[in-house]
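Sharing a structure here in structure tokens format.
Order of writing sets the labels: A, B, C and D. Residues in every chain begin at 1.
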Amino acid sequence: MSYRFQKLYEEKVFKDPVHRYIHVRDQVIWDLIGTKEFQRLRRIKQLGTTYLTFHGAEHSRFTHSLGVYEIIRRMVDDVFSGRPEWNDDDRLLALCAGLLHDVGHGPFSHTFEKIFNLDHEELTREIIEGSTEINEILRKVGDDFPKKVSEVIEKTSVNKLVTSMISSQIDADRMDYLLRDAYYTGVSYGNFDMERILRIMRPRPDGVVIKQSGMHAVEHYLISRFQMYWQVYFHPVSRSAEAILQKILQRAKYLHETGYHFNYVPVHFGHLFEGKVDLDEYIKLDESVLLYYFQVWKEESDQILSDLCQRFLNRKLFQYVDFDTQKHTEKFAELKELFLEIEIDPEYYLVIDTISDEAYDYFRYGEEGGKKPILLLQTNGDLKEISRKSELVDGITGKKLFDSKLYFPHDLIYNNPDEKKKKVIEMIEEIAGAKRR
Amino acid sequence: MSYRFQKLYEEKVFKDPVHRYIHVRDQVIWDLIGTKEFQRLRRIKQLGTTYLTFHGAEHSRFTHSLGVYEIIRRMVDDVFSGRPEWNDDDRLLALCAGLLHDVGHGPFSHTFEKIFNLDHEELTREIIEGSTEINEILRKVGDDFPKKVSEVIEKTSVNKLVTSMISSQIDADRMDYLLRDAYYTGVSYGNFDMERILRIMRPRPDGVVIKQSGMHAVEHYLISRFQMYWQVYFHPVSRSAEAILQKILQRAKYLHETGYHFNYVPVHFGHLFEGKVDLDEYIKLDESVLLYYFQVWKEESDQILSDLCQRFLNRKLFQYVDFDTQKHTEKFAELKELFLEIEIDPEYYLVIDTISDEAYDYFRYGEEGGKKPILLLQTNGDLKEISRKSELVDGITGKKLFDSKLYFPHDLIYNNPDEKKKKVIEMIEEIAGAKRR
Amino acid sequence: MSYRFQKLYEEKVFKDPVHRYIHVRDQVIWDLIGTKEFQRLRRIKQLGTTYLTFHGAEHSRFTHSLGVYEIIRRMVDDVFSGRPEWNDDDRLLALCAGLLHDVGHGPFSHTFEKIFNLDHEELTREIIEGSTEINEILRKVGDDFPKKVSEVIEKTSVNKLVTSMISSQIDADRMDYLLRDAYYTGVSYGNFDMERILRIMRPRPDGVVIKQSGMHAVEHYLISRFQMYWQVYFHPVSRSAEAILQKILQRAKYLHETGYHFNYVPVHFGHLFEGKVDLDEYIKLDESVLLYYFQVWKEESDQILSDLCQRFLNRKLFQYVDFDTQKHTEKFAELKELFLEIEIDPEYYLVIDTISDEAYDYFRYGEEGGKKPILLLQTNGDLKEISRKSELVDGITGKKLFDSKLYFPHDLIYNNPDEKKKKVIEMIEEIAGAKRR
Amino acid sequence: MSYRFQKLYEEKVFKDPVHRYIHVRDQVIWDLIGTKEFQRLRRIKQLGTTYLTFHGAEHSRFTHSLGVYEIIRRMVDDVFSGRPEWNDDDRLLALCAGLLHDVGHGPFSHTFEKIFNLDHEELTREIIEGSTEINEILRKVGDDFPKKVSEVIEKTSVNKLVTSMISSQIDADRMDYLLRDAYYTGVSYGNFDMERILRIMRPRPDGVVIKQSGMHAVEHYLISRFQMYWQVYFHPVSRSAEAILQKILQRAKYLHETGYHFNYVPVHFGHLFEGKVDLDEYIKLDESVLLYYFQVWKEESDQILSDLCQRFLNRKLFQYVDFDTQKHTEKFAELKELFLEIEIDPEYYLVIDTISDEAYDYFRYGEEGGKKPILLLQTNGDLKEISRKSELVDGITGKKLFDSKLYFPHDLIYNNPDEKKKKVIEMIEEIAGAKRR
């Protein structure tokens, strides 16, 4: 039998706390899970630095990727299969794209990508199409199969339906991460009725639509998402840890560029410091390697690198105050000066972190450049955009998510402050106070 | 106010998926959590290699330690406080011992301890009494306070009541790990009614006893424990990963001893290879460091070390068959010979793993050397051992937990076997078949 | 010791699926639970006819009343106790008012009250202040204690703080019913983090306020409430059952008034048919008595009464279409005529049911007659209305809940319709179609 | 299309708190649910008097019956369908038998059956085969179909496989009631992993067997069952309520037989008082009718009937002490005499209730008359009885469930006792004391 349709002799079942069980019947999926590129996701946390705020959130991208696969599998096998709008030839494509959609993520990915100017979607494509174990398996399905999979993930595929299953405003990726992140952090916000949503999804050529009868379940999902953003993803303490992480990598890169002699040469960063990516090197980079370097850099003679590393490892994070990016430009400049006077380098110890509003306008409707809306399938076959039917969605459509904070090392400034430090404190209080409503 | 009684200005609350919230009011506890020795527990998994079987089980000893602390806190503040048998002076001792009971654990601790001949209880004592941040804080409570805490953890304390809260047959440690491991693996077995058990615990000079009215909740706890052992803790696949881990460390040690030239000198193992422990070095050793070494050793020229490391990282585990330690001694010797003939070193590729029965006879009663039984407090004040009152506990008392498996690299033997390998296969099948009932 | 402060020898614990345990320590509370007026609540369902839509929702007002008591108890004993703004003399008042707030409810209460022109709050007052077992117990606490309790329930008490604990926009009553109704129906919407909300409630002279840090938990609660209204409380199928119930009682009253000779004289309705309430009679009326009458009325010779009763008992409910109260006045008049022509009495078989918007504008803010807003306590002590701080609450503030449906007996009209019935069908389709968006 | 295979135009979905959703696709099932005989189960509680101990347990046999149907449906459609050992012609038979297995239950069934010498299995047969709405529907499937369904329920069917799905040691009936009763009472004991068990069930001609790999899930189920018996089903307080119930019915029957003139003639008991059953009358008898009679009998002049009814309605239950049926025969006779002396009729106020051991030896193995064991399917196809493989099951096999209690009206005896009553108290204490271990 062709490899594409090959089934395992016995179904493999993974116990999963979120979906109870994850079922694997296809040889291709089983083989993909066994690749070193996929197993590497076990060493990359799903939520980056969030575990320093919510200690339970230590789960990896590996578990999330299995979860996305399982949701896609249930969509296809339990709901879409047999419907005229669904072509079962797309089944394996959807499963593979779901499983592999995050395979290009690096350690603490958002920060890492930022400093080294990487793009995890681009890297995902390279891992799928490049010389890897994953590619070898996908090619056994068909010569153009790796490309097809990566196009779905990159949202350039002509197959809009399969694409929408993995990336749209209500897709397998988001549904898994909301449920999973809620489960591991322990917050109750992310808990919507996925089983219901799956049952009322219907395949259409342009993407998945939702039966009108399930509108309330979708409302619940959207509100969950909204609340998870504020409660978990944008939590100011996790952002403090991210700020430190970013400054560690920035310092290490700077030291490398300026010829600093490392005790432990960071060979694993390979060509990243030069702005180049080598796929083999990249795949070896995971969070245990990063944490190892933080351990050894903690012993380096460079005070800034050493201090930042011990802060991250021992969770001595920066403190924060609200910051108004428009009002406080001048004050920030002054504060930088004051930092220099007390001999704390503001480049590394004074960080503005701003949360953009993108996360939320995803269901704003009909605007130029707006994302594709969630469509409700009426009993007469019409499609209606959800905010026209739901008072609740209408109420939150267009609301902006925005938050800006100023991070600084409270301990270095507030402990037994001299006159100069007192001035710094005064300025910080002023910024904080001005923002207080 | 004395440091011992100092309260935080505002209670700190940690969101916890198992206990919902963990409450910290005491300055001492807050300070202990902030030490580098305690934060290090974030980088040591609670269940070692179990995440390679149950992918959700990626939680750390950090979360478990907070959980044990919280259970102790509830015992003391919600149940014992105000009862004549409870001395509130012991409150902080109990809280600290609960929080710190696992602080000496190393990376993948059981295997690690075995290879390097370590004892995590001894190391816990050293971390508490040695020159550490933890010790500094505890000493501020009282000069003899560190010693008191470590004595409780080592079960040598004269305070039997506090000791029993942390280590007995139904203690805060076990209650937390059963609930937590069940939560993170996703199995339903470990889910007993802890709230009920806490409410019916009563302090007595020799240890905590349980009111008769709560017997069924305790039964449930004991059965949960029994089932978790078979289902999770003794899972043959996790033991396969442990076998490989053990062989990696054994090989690295051997190579070090025989003067092998490592590309990446394993400096972080410090004096461990010489059988000595340096506390500072030990504290720096965590699972990210180990995983880092596995990454670099994967590239070493020593084939055995390299192969074992890639097996662990990419989850290419050993296969297993049931093994009868008594019947198969000879066959095992023959099998070793056959392995040599096919040039697979049996020292590293043929592993017998035997699960001892200790885990289970913990509530066997009255026997020489038997552990202290669980006592039920009757309405008339008498104490009765639980197996005398409970048919269910009586039914399982004395049952032996025992399992022995033979691990081997299936891929190296079964893929396109030549004549010699076929002989190996035959022998393995013989061993497997003989055990089949 | 005075009865007010008398404690049970041993705390009584009720297993509760929503709050896990309900704890009773006070003799007064224990005695109140044992009264016949309180035990009667076991025979009145919390959600009336909802069990005909959500089959799991068979829980009684008894369980809800215990739940409200328990929430009040936790507020007082775990959160308010010891705070300067809380007077522990009010403890028993709050507990009793919480426990007894629903004690005046009749069977299928809203419908029942409507037909017989009753007011359950008035009846609650009479049960508390009249000659009942409950009154006897409360008077043992103090002569004016019954009056104090009923004033809190009627919201005429000078004690605004205690009143707000039981009836405000975020009170023990609402928190219990949302959680409980979600649990028993099985929907996931009502599941907010009550434990968190309790912890951040603070007593103030004018009512309970909420710490700013818990805003997201309150958002979650408000959204839960919003969703439970649409999903459960306003479900059109339950309203169909309610319409039939109403028509049964209306018909029985009419028959009584017009001198119809009942086979089973409805003596238990006592003076209700004459518009008078006798407290003793009222207390004997519960849902088992009503259901008994429906059983015997099913055998009555009056066709309308008999048919409606079998519809209710055997769940042969009315069908419905959306109805526009403004547009369809004329059509409705015509439809009534058509009903008469096919010899179906529109007085009993054609029902418009309109859901008012009251349920939702409860957190509209600052308007004339608007209810008291939810106030957030800032770190500096200021109070801010929640919709000014929360984008989410702001988004739904002022949204109207409104729904109107037309109910009719589908079976009598659509099965083998003759020409006249076809006209009725046409008219119904017209009404339905006109509303379709 | 033949009625047997007719599908609903759209699947109907019931929200269920235990199984999340119950799915109905078959017209036959939908029609059966709509019959008056099935709807009647809404007015019969699943756990009889248990709600007087666990207030949450107010759920009806209606919800349980739907649950059993759903489990059978999942077995058939998700697990058995397509396997050679399963004949899909049996699908509808299994679904109908599952749905209808409890349809003959009377109000508070066990007590009711005992007093009136009824057999609910016999009554179930009559309802299925007699002149009922249910029978009418089943006959449309086939003339012999009603008989086939009732034979499965009565365990006289030649179809052993389908029979075992509904009644065996691990069947849909037990699985639903354990999960459901645990959910509604709120106890945690009954919570096993049904999804897992379903997945590993395999059809065999003689009944369902279980794959060896799922042994631990079955262990968990058996232990759950064991604990639910002790914790819920045999709870002494529920048995007190049952004792009163029994005595009410016994007294009413006695009064009827001795020509007592009832104020409200209990016509609804019809011929039951004469030991005859009329199916039409029986179907009208439900718990609301019984509770109605208790309300009116409370007002009867017969003191015993009146007192017992108010006890049941107002939950003034009997107290109890342990009773040794062998040791205390004489004491019991004496106690009866003493009761007569204090003018309390021991026939109604002194009740011995003994719990037999049947519930538990269900998995005793191989003994004469022993029930069919649970069989585990080995990988080589062999079947092994579970207690031979499981230490846990072996440990509890053969354990006896046995409990005997003496019930009496504490209030009538202990409140201000005179000399004679003191003697009664003495005797009760003696019996109680003798049993104390």
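Rule of thumb we're sticking to: a residue touches a chain if its C-beta (ideal position, glycine included) is under 8 Å from a C-beta of that chain, and two chains touch if they have at least 3 such contacts.
Since this is a predicted model, take the numbers as computed values, not measurements.
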(message) Going by average Cα coordinates, which chain is farthest removed from chain D?
(response) A
(request) Tally the contacting C-beta pairs at the A-B interface and at the A-C interface, and name the larger one. (result) A-B
(message) Averaging over Cα atoms per chain, report the distance between chain A and chain B in Å.
(response) 32
(message) Measuring centre to centre with CA averages, how many angstrom lie between chain B and chain C?
(response) 52
(request) Find the geometric centre of each of chain A and chain C from their Cα atoms only, then give the gap between the two centres in Å, rounded to an integer. (result) 44
(message) Which positions in chain B are in touch with at least two other chains?
(response) 20, 187
(message) Touching residues of chain B toward chain D in the complex: what are they?
(response) 187-189, 191-193, 216, 219-220, 223, 226-227, 230-231, 380, 384, 389, 391-392, 394-396, 399-401, 436-437
(request) Would you tell me which residues of chain C are touching chain D in their complex? (result) 14-18, 20, 34-36, 39-40, 42-43, 51, 54-56, 58-60, 62-63, 66, 183-187, 284, 286-292, 295, 310, 313-316
(request) In the complex, go through chain C and note every residue touching chain B. (result) 13, 20-21, 195-196, 199
